[in-house]
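The two complexes that follow have chain A in common; it is paired with chain B in the first and with chain C in the second.
== the complex of A and B ==
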């Protein structure tokens, strides 16, 4: 079974055709780098998100690879162009079968 | 001569507000970059909202021997917890308790659950949820006269030099507030935003974590989490910031 966590995506409910709109996607994740040790000297295993992808009506509009240097609870702010009404899917995948998916809809006027 | 005296007195009264301590108090919020301020203001950007969501889940959690959730006694946190964090630390059944102490007291006596460890995720989730309900309200420090000895002890600790660096809280946060320490502006140390999401910690943390952080900074032996001394310092800081707006959960760099 895959692990998931809380995520919040903010985007407008409606947009005019051709309008560029802002998307904010923040996810709750420790982003354990794998370089840290416990007080007993045991290395803490790496546990990070590896990839974030946003698709708009099935078409990929944003993709990011994440690395151990990225801090916890990563926030992405990016833009997309409103073409057609439909759904946006936000998918975070990572170590230890991590998978979080959020779906949002937008109406293009 | 008498007229002159009256004039001097009048002048003194007029001048007084300009030099009054209250007017010069500022939150460390004003020292932050606009992007960090935006992160604090907009709850869709503020990472502490995840702790609030976790707190809401815990608020309704009946999985304990008493089969009682917080919501069963306190109802909706949005109503019942409004302004609550503004009054802590205070005396509860003769004991000085901060907000975290009160949460644990409730857990042990009413839910028959073990106490939550300081800085553990569930305790921070509950304290963040509760403190968030006071966002925008003024700090209303307890006026309980029985707290006077604790308040005086807290003040003493604030002005007491400690650690290998032999510094008191006051030497940085009163005397040198506004100057720089390693590139960062020294804030006035008003506890307006706790629990805070600190970017350096990449986590939410309590006021006690912040106090212990400063103590290790001056290479002093840290008081234990939940110790009376830390609560007494908290109490003094809240009195010192009385009337300032609560920003919880604040974001700090």
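== the complex of A and C ==
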């Protein structure tokens, strides 16, 4: 069983063919860097999201490799070109079996 | 050594050691860049890199990177990497694009451990590399504080 958390993706409902539209994807995650210590001097284990992938009708549009230098609740604002109506899938994977998938649809006019 | 001296030395050792071990150096950042680039030459410029020159809180710093490109099948931006010289790990994030991205632009939020120089490195589809850097001053640092 994998861990998951809340994620919100914002994109337009419709777009013209050939139009480049903005996508905002944010996910709830601590992004524990692995460099912090408790007051007793014990290192807090790293627990981060490692990868974020956006696919559009099965084809990769945007991919990101995350390191501890990404702030908590990672946000990505990026773009995609409207070609065909269909679905976009957003997938976050990370430490300790972390997996969150969000699916959205877009209508191309 | 008297008690006070022992106390002071242990105190400085305690406070300094995590910092010394937890911070990369400019040369480590260059090595991180070398691992991506290999032996190929790196040009300067072509990248728009928006990072505030003065950062109040290093835990969440909004950045935006854009590279001018037609984003066609033959000429597009493959990847954009962010490398911070004084973070515990110089690699911050790597973003990969395809012609379907339409635009080589990304915004995200990063952590900065100290006042430092941050690099943006872009790889084009013809495997040429471009880079640019921004100097920033951080008043409250991230990543290494106690919890």
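Convention: the second predicted complex is superposed on the first by the 109 of 109 C-alpha atoms of A that agree within 3 Å, B and C clash if a C-alpha of one lies under 4 Å from a C-alpha of the other, contacts with A are read in each partner's own complex, and residues count from 1 in each chain.
Convention: a contact is a pair of C-beta atoms (placed from the backbone, for glycine too) under 8 Å apart; a residue touches a chain by one contact, two chains touch by 3 or more.
Because the structure is predicted, anything quoted here is derived from the model rather than measured.
Between chain B and chain C, the partner in contact with more residues of chain A is C.
Of the two partner chains, chain B is the only one that A:8 touches; chain C does not reach it. When the shared chain is aligned, chain B and chain C each come close enough to touch A:72.
By the touch criterion stated above, A:28 is placed in contact with chain B alone, chain C being left untouched. In the overlay built on the shared chain, the residue A:58 is in contact with neither chain B nor chain C. Residues 71-72, 75 of chain A lie at the contact with chain B in one complex and at the contact with chain C in the other. Those residues of chain B whose C-beta lies close enough to touch chain A in the complex are 44-45, 47, 49-50, 53-54, 199, 202-203.
Contact residues on chain A toward chain B in their complex (touch as defined above): 6, 8, 10, 24, 26, 28, 31, 71-73, 75. Listing the residues of chain C that touch chain A in their complex gives 18, 22, 59-61, 64, 71, 82, 84, 87-89, 91-103, 105-112, 142-147. Note for the complex: chain A touches chain C at residues 20-21, 33, 35-39, 44, 56, 59-72, 74-81, 83.
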